[in-house]
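The two complexes that follow have chain A in common; it is paired with chain B in the first and with chain C in the second.
Moving on, here comes the complex of A and B:
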């Protein structure tokens, strides 16, 4: 009658230790350097507002490379993904609402 | 002191099920800390967005006084330090002590390079009077709001620089522990977590560099 509850198999707990291969790390490193060169080169051309968009797009690609590979988010748990990416949702709300207030304040005040 | 360690078996706090459980819990804590770090930097980015939207001409004028070459150099330095940090974690995971010590040492060295470049940038600005708010004495700018750019420049790079400084201190501690042989495949939590922090510092700079130096 006494059902003895077994612990879950131990091996299931070791799946999370992911080792980033050196070659992948080196590729990411080279890619980051190339994107840095591209963003510097793109800034030399005056394209008006496009400059800002291009610079931010490249920065975001670089950020994803760092987060996914160097920080190992690609191999991490969903829990950690939600924790970290939720911070950017709040950052977006913070910037978006404040920015829209500044941009449209004059229209409303008229 | 001698610590006898059985291969593959490591002591962990009694409230954890296993060493991996302990590692996992530490990592969740680190990600929560980094979430807080993003929000810690957030107001500065919001301030940047607002003032840039209000005074685009001031931004255009002021940002050209920054030397993008030094900014680019520091970007390369930090990217390289992120790579050596990742290799340090790799060495810890695969249990190669000398490589952990070497890679962490290189990371510290590159972090110091970053601060040296920053020192030259700052000292030039202090010299010509490109300082935040009330200390601003530079004469060559037309727009009345241009000093705002430098208030934000010093706050953003200053807070980031403080993170680099703290990073060097933590890396130094991890480095000395690595020399003592504390880390290996069965225990490398501090190396991993310091790595996460260091990559975050790189992440902030990845955005600061174009925002301050490139998009005028």
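Moving on, here comes the complex of A and C:
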């Protein structure tokens, strides 16, 4: 215990994991539950072409909450943040190129 | 490469450091774990090889030879699944990577030795789970597990895909371990500009494994959920999209081709400079090309789907993007040849395999450019042309390079030499057999023989028989290799520490290496391929 007090807080943050306060964790959890309920509710309405956008927007917000708080990215170094978020480029490639198929299939059918 | 060469007066080495079965099963030594991987993977290779011989024997003549159609479907499915997931994918990164990479960076071990052992057991569990289906209802989907057939078939799809899931998980753990090792445990003076190209290649492979493998894990689990719960994801009858399965599957499985090939290229990068006694031509061109291939590998998966019902827009985009792979690959081929140019070439067994690699990979790569062209692909899809192409690329590439690496590092990890003469005969049989097996398949494919068919018209008989004879030649070559390597392991001449006069760090320690690789930490003072002719 005494050793911990000798280190300045910012140094400790770089050395170890940030411990998420229980209250913050609970708030994020409740937010995730609310967004899950919104996902279910949104699925009951047919919004046509917007269906996919709405579902992805809600899922993205939920994913960001998990990444920022539960995965601790909010408290991490910039280097690790860049590496983490660069992986989204691959997710973008995956979705974008798959949609180059899905969005244009009807043209073939016509 | 260096160096403050470590002394090795002690006779203690990693093979004798601890004795007994448990010392192997609980080992945290990366070299022993590498040998465990090697033993497991080569056992799987034997099973996959037998399945291949069954397929080729059944195709000796039209109609039944000894298998019924269901048995034939199962034989090619096991051959493909075992060879892809249990052999070629982990063969070089996990087996030779574990044996060599930590030594090449001058480390005592990998960054997380316990995680390394865990990844081996996760892999082993996956292998057992998948192979155990041989004793149940088997599997007949082909190694691609395409929906909706894989959802509806009564065979043991769930066990096999769950096995593949565990093998993928093991690959992710190994990749994480190696990436950390390369970043954190390099010897003093070993800058990124002095890394052996094998390390660069494994590093790039690890990045692909980290990014792509979760997608196949997700895909296979969705398949399991669909089978178990009837959720409509991929089956059109349930409201799903079968083409979506192919997008998911190939988003991983195309980069997976480069998980097989980049480490193979890494071995060739080591072998050619050593046996040409020349510095590698364009070090940064080689390292850059590896990452070029890794990046492009993620944006070309749709070329597997030109006739799947995918949109014409996607076909155009993926065809164009696929052509780009030829650029970094071409750079590598030209650089290998340029490295050999005016070198003092020694035709040892590893060098023969390396040269065989260049030849077969070139044929595989160029026929890949044919197949990337939509108009040609439409005619050749699902014919033996494709079978020949991917065998030239994946098998010719990965297995030739593995054999080069196995012979090149054999004196290091075993402490003994193999016999060159039978090794060269074996190389000849494998190289000849490989081309006799697969070259006729290009012609069969051009003539319209579809892949995965149990029987065929009479006019294809001769070429099929030539192909089958070739497969027996390959088998003979591997049986010979098994014998002389076991003989070398037990009774071979004791190997000197650096029999090939190589410059990379693994050759600066004793053969076999001590438990923690180096008695004293090596210090690197120059690049890995600075040879004088």
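Heads up, the rule we're going with is that the second predicted complex is superposed on the first by the 78 of 110 C-alpha atoms of A that agree within 3 Å, B and C clash if a C-alpha of one lies under 4 Å from a C-alpha of the other, contacts with A are read in each partner's own complex, and residues count from 1 in each chain.
Going forward, a contact is a pair of C-beta atoms (placed from the backbone, for glycine too) under 8 Å apart; a residue touches a chain by one contact, two chains touch by 3 or more.
Everything numeric in this text was worked out from a predicted model, so none of it was measured.
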What is the contact status of A:33 with respect to chain B (first) and chain C (second): first, second, both, or neither? first
Using the touch criterion from the header, give the chain among chain B and chain C with more contacted residues in chain A. B
Contact-wise, after the overlay, does A:90 reach chain B, chain C, both or neither (first, second, both, neither)? both
Now for A:100: first (chain B), second (chain C), both, or neither, which partner does it touch? second
I'd like to know which partner A:22 touches here: chain B for first, chain C for second, both or neither. first
Quick one: classify A:50 as touching chain B (first), chain C (second), both or neither. neither
Dual-contact residues of chain A (chain B, chain C) 87, 90, 94, 98, 102-103
In their complex, what parts of chain A are in touch with chain C? 87, 90, 93-94, 97-98, 100-105, 107-108
Interfacial residue positions of chain B with respect to chain A in the complex: 17-18, 20-21, 23-24, 27-28, 31-32, 34-36, 38-39, 42-43, 45-46, 49-50, 53-54, 68, 72, 75-76, 79-80, 82-83, 85-87, 89-90, 93-94, 195-196, 199-200, 202-203, 206-207, 209-211, 214-215
Quick one: in the complex, what on chain A touches chain B? 7, 10, 13-14, 16-17, 19-20, 22, 25-26, 28-29, 32-33, 36, 39-40, 43, 51-52, 55-56, 58-59, 62-63, 66-67, 69-71, 76-77, 79-80, 83-84, 86-88, 90-91, 94-95, 98-99, 102-103
Residue ranges of chain C in contact with chain A within the complex: 211, 215, 243-244, 247, 251, 298-299, 301-302, 305, 309-314, 317-318
